[in-house]
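Following are the structures in question.
You will see two complexes here that share chain A, one where it goes with chain B and one where it goes with chain C.
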Partner chain A sequence: MKDLKYRAYVKRTPYLFLAPYFCLVCIFFIYPLISAFLLSFQQTNGPKSKAFVGLSNYSFVLTDPDFHKAVKNTAIYAVFSIFLQLPISLGLAMLLNTAKDKTKGFFRLIIFSPNLVGQIFVGVIFSVLFVPRYGLFNRFMQSLIYWGLENRWLENPTLVLPAVIITALWMYVGFNMIYFLAGLQSVDKSLVEAARIDGANPWQVFWNVTLPAIKPVATFVVVMSTIGSFQLFELPFSLLKGEFGPSSSGLFIVSYLYQMAFRAGDLGTGAAVGWILTLMIMIISLTQIKMSGTLEEGK
Partner chain B sequence: MNGIHIFLLCLAALFVLLYALQPKRPKIAFTYLRYIVLALIAAMVMAPFFWLLCSAFKDSSVLMKYTFLPPIMNWAKEINLSNFRELFKSQPSMEGNVYFWQYIINSLFLASITTIVQMFFSSMGGYALAKYDFKGKKIIMFFMLASMMIPGVVLLAPVYKLIVNIGLMDTYWALVLPGACSVFGMFLFRQAIVGIPKDLIEAGRIDGCSEFSIYMNLIMPLVRPMTGAFCLVTFLGSWNNFLGPQVYINAQSKLTLPVVLNQYVGVYANQYGVFLAGTLLAIIPPAILFFCLQKEFISGLSSGAVKG
Partner chain C sequence: MEFPYGKAPFWILVMAIITGLAMMLSRTFTNAGRPDLVFVVFAPRHYEAYLKLIPEFERKHNVKVQLQQVHQRPLQTRLQSALLADTDVPDMVEIMNPFMGAFMKGPLDDVGFVDLTDRVKAEKLDEKMVESRFSIWSSRGRIFALPHDVHPVALAYRRDIVEHLGIDVNKIETWDDFVRIAHEKIVKDVDGDGIIDRYALDLSISGTSFFPIILLQRGGRYFDSQGNLTMDTDITIDTILWYIRQSRGKTRISFPAGEGQPFYKALSDGIILFNFVPDWRSKVFEIDAEDLKGKMALMPLPAWEKGGRRTSTWGGTGLAITEKSKNKELAWELAKFLYLNKKDFSDRFAMLNVIPPLKEAWDLPAFQVEDEYYSGQKIGQIYAELAPETPPDYVGAYYEMVDGKTREVLIDGGVYYEKYGDKGLREFVTEKLKQKAAYVRRVMNRNVFLREGEVEITDANSSKENAG
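Up next, the complex of A and B:
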């Protein structure tokens, strides 16, 4: 009898352990999710009043030139974070990989350290570094290549996006490097040796031995940084002092959402933007996972 | 031609020299090159930190005048603690005077509570998913995976509405509760716990441990590295959270560091020196935590990615 009772007790436990999750997910995920869905078909004026408007929030967003600008900016930023930031991270990881443990730890600590600073702080710091004539970055460029001392990075519409990309590069290179470093541990050293002895040059070794070995990690990092890029908000927000740059040159999808929902008070349109963003993220990250073919191994 | 160019040229010349002197062992030259590249990049990464350190102590009138520090004969005049003094001055608000240390306490309190609650709930969930077979487990796991695909900002507007409606505006509940059980954390803990042999749990049961004390006293000590990594990530996220307090907290005396410091450089304010001094102070707690948990953090973070 006691045994039976005990078994029922053990059977019940996992649900008890998961109880906080069940409660919280119902209140703060499922309910808001449904309400976000309904909200996107409503027009609101502040959090209290609402009216059903059908698909007009969606059609408004999809035809708004500001939204197009935000999508374009976000896409450009995402492309740079994948094709500029990640190769640099991988390069650094490979440079560090064969170093001695102590040196490795030292450089890893330094290159990772920008991640300890919040995006909001980094944004403001860089807004000062990008000041024309006096900013550290402008002075550095001037003494290195005699160019850019007078650049108005944050006021010139063509330079705002590069400024955001440079700032993000400083901040995230170390973060991705940590993942690549971990991935490089799984490269079979004897395979590299064998390829070398067979006369493969370093480039061939990289393409044929290293890259396939780190493919799962690389896929993970690419998907994560794409998702992160599409949710970029605080960095440009603080870099541009709470504005969105001249002629919306620093407007990103989430900034647009924030602007709509919390500055203009139109929560319905904000919710619609959120759903469009979700759809974009899902399509892109699923395509990436499919393309790399690690859907089965990578869970 | 200036100092930087000459310095770089010297470094390059040294590489050529090493290569020429030891043509049979090019490895030496390339090792040298590797460390030079790493050191230069590390210097570029550290430069903004060094600038921040200098600027916090510079008098605000000369913030832009010098790249880093003023020449040494001007130090007496131009290097002082005026930024910090301004920062710690009392600020009038609707709730009376507020001092800067109040925001530090707010931030520390909020970040610690968030970290403890998240760690507790996430590890409990992760343990249940790792070591029990129960009805609906597959569905729950699938639901969790799917829910990770939905970006947090989608829920921002409805959660905001919900918080307003249940009267949690202007309280820390609004910041702690919605994320109190992180799905990401549950997966991390599940992954760390799944490898622990089942015999250990059975042994605990035979010795008469309750299920909760098995989790608390047997399992949790074994996944300490993952706990360290998760705590660091959560603490950092909460400490640096800007959007949450910005949206949910109105009372000046309840604000946290990122929001308050941002007030110094808003559209109507321009006190960069004070902001930078505050930022310097705001970096210290996460930096200390990172130093203490570095090993756990690296291994915890990367195990998630490598094992997939």
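Up next, the complex of A and C:
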């Protein structure tokens, strides 16, 4: 009898240990998740007014030209993140990987340092740098290529997105560089040496040895950058001083969600945008992982 | 006796019990020390002014008032979220125009603020104060906040340069006069390097802040008093066209000086000579562009036609009492104490240059003082003379969206103008504005809480108050 009791006690113990975590997850993750899902089928206006509207929130969002604009802006930003930001990060990481230990640490800190200050701070600083005639960025461009002194980066609809991309570039290049650097440092040096002895040129070494070796890191960085791009909010929000740019040129998906939920007070539509965004990120991330072949290798 | 799950879980449990008890106790003590009124403001200078006045109110009524300061944007979003989630809210809040609209999305019964209409009328405040100022705090004919200010707009200009150029501002009666003089005497490439060194006016190309000022002065508006959308009128179209011509292309008379340091640099350097300056901004100029003391002066806005309105309005603060407040009567008393306190008006004007909406206060000596910064002009008197003309600016639930969409037309029209010039511009702007208005109506139509009969979501021309 005692033995049976003891066995039941032992069986129960792990669940009791797990209980606090499980409770927290239920309260702060599962319950809000279900609530948000239900909310996405409702229109609310305070505790007194709640109305079931079926798929109306989803159909409104999917046919809203502003949402289309937000998706377009986000997609362009994501493309630049991956095809401009990441190659620069990788390039810098490779440069630093060949540098001496002392200089490596110094430059790593310098290039990474924009990340220490946070998106809001960077947004505010760049909003001043982009000022026409007096902004440092405009002055720099004028003295470099005799163009851009009067550029209204944050007021001209065609220049807002480039301004966001430039700002993000300054901020995130160093961050991604750290991942690549870690990946490069784990590349087996004997493989590189063997390739060189076999007559491979630097490009061939990079393409056939280094890149396959850092593929898991690269996949991780690409997926995280894409997710980060789709969740972009604070940087353009602070850069554009709490607005979404002229003609919504600085409107991104999360900004659209914020606008709907907290400016227009339509929490139901905000929740619908949240679910659409989740679905988009899931599909894109899974596609990226699948394409990189990492999933296959893991099997 | 040993705890059956070991030492670590035992200490975790002990800590959980201690922190739980501490939280319960702190809540009990907080409730015991809860003030009779919690009042939240966003403007630091209002906070300082009220901090001095509230002790007198506390003594008089034997109550405790807690004053808090929160930045305007978080104040609006937090308050909105708290009202939506039915959680704790302060008893009284100062709200900035046009954020009030966000609280007016549902039926009047669901607005989280006390309907002050009957109180305002009983005390005849609608007669004692500038009537148009109630417009920004009203929805469907009901008043939900007490106006703190009037904020009439004047033009502040670089008197030294303007006089040097031989311009007599008294002869500028209309905007047509202003544009003509700007072309003749102001807009110039002084050093011949191909870059214009002097412009007449500060106008952002996106129309932020400035476009509504001009639209309101002209008699246009986004909503009428009943909350009907009136964004797509002929007045709006004409104003957009005027704004585009003055802010875009080679013949523009304005420069987008931005804000903060770059703006004051442009002002100090004489790149822009005239600026839209409501009473509150006149003090900001005094503080942020101190070196221009004695070089600036004020003039009324040029009218749209001779003898027309010479002012507009920019901004506004209102005091609202929340429906959840347990001390509504006390809150109303405090509102009156702060907003109708003649003793404070003089101090407030000296500190903020803001004239109150209470008309009888304008005769106070403080408003007749000569201001050295504005070349010895009596700016209190200037603003008080403009105040009765201040146009109404009715707020609707979708005010921010309408403002944004109208300015999108302004920007798209500006791009068109720079590409093709004046040809076809009116048709382009009219079409775009119709599209944007249709979009806003679609959004408004989705709102199941705007009860039938309360707001008619029809086209702008059906509004009886449509000035266009």
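Please note the rule applied: the second predicted complex is superposed on the first by the 272 of 299 C-alpha atoms of A that agree within 3 Å, B and C clash if a C-alpha of one lies under 4 Å from a C-alpha of the other, contacts with A are read in each partner's own complex, and residues count from 1 in each chain.
We adopt the following convention: contacts are C-beta pairs under 8 Å (C-beta built on N, C-alpha and C of every residue); 3 or more make two chains touch, one makes a residue touch a chain.
Every value quoted in this text rests on a predicted model; they were computed, and no experiment measured them.
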Contacts of A:Ser113 with chain B and chain C, given as first, second, both or neither: first
Which of chain B and chain C A:Pro65 touches, first, second, both or neither: second
Touched partner set for A:Ser56, first chain B, second chain C, both or neither: second
Touched chain A residues, chain B compared with chain C: B
Partner chain in contact with A:Gly242 - chain B first, chain C second, else both or neither: both
Partner chain in contact with A:Gly265 - chain B first, chain C second, else both or neither: second
Contacts of A:Thr13 with chain B and chain C, given as first, second, both or neither: both
Contacts of A:Pro157 with chain B and chain C, given as first, second, both or neither: second
Which of chain B and chain C A:Pro132 touches, first, second, both or neither: second
Residues on chain A lying within both footprints (that of chain B and that of chain C): 9, 13, 17, 47, 128, 131, 134, 242-243, 262, 267
Chain A-facing residues of chain B, complex: 2-5, 34-35, 37-38, 41-42, 44-49, 51-52, 55, 63-65, 67, 121, 124-125, 127-129, 132, 134, 137, 140, 147, 149-162, 164-165, 177-181, 186, 205, 211-212, 215, 236, 239-243, 247, 258, 261-262, 265-267, 272, 275-276, 279, 282-283, 286-287, 290, 294, 298, 301-303, 305-306, 308
In the complex, chain C residues that touch chain A: 4-5, 9, 73, 77, 80-81, 83-86, 102-103, 105-107, 109-110, 112, 195, 204-206, 208, 256, 258, 260-262, 265-266, 271, 398, 400-401, 404, 407-408, 411-412, 415, 439, 443, 446-449
Chain C-facing residues of chain A, complex: 9, 13, 16-17, 43-49, 51, 53, 56, 60, 65, 128, 131-135, 149-150, 152, 155-157, 242-244, 246-248, 262-267
Chain B partner contacts - residues on chain A that touch it in the complex: 9-11, 13-15, 17-18, 20-21, 24-25, 27-29, 31-33, 35-36, 39, 47, 92, 95-96, 99, 103, 105, 107-111, 113-121, 124-129, 131, 134, 136, 139-140, 143-144, 170, 173-174, 178-179, 181-183, 185-186, 216-217, 220-221, 227, 230-231, 233-234, 238, 241-243, 254, 257-258, 261-262, 267, 270-271, 274-275, 277-278, 281-282, 285, 294, 297-299
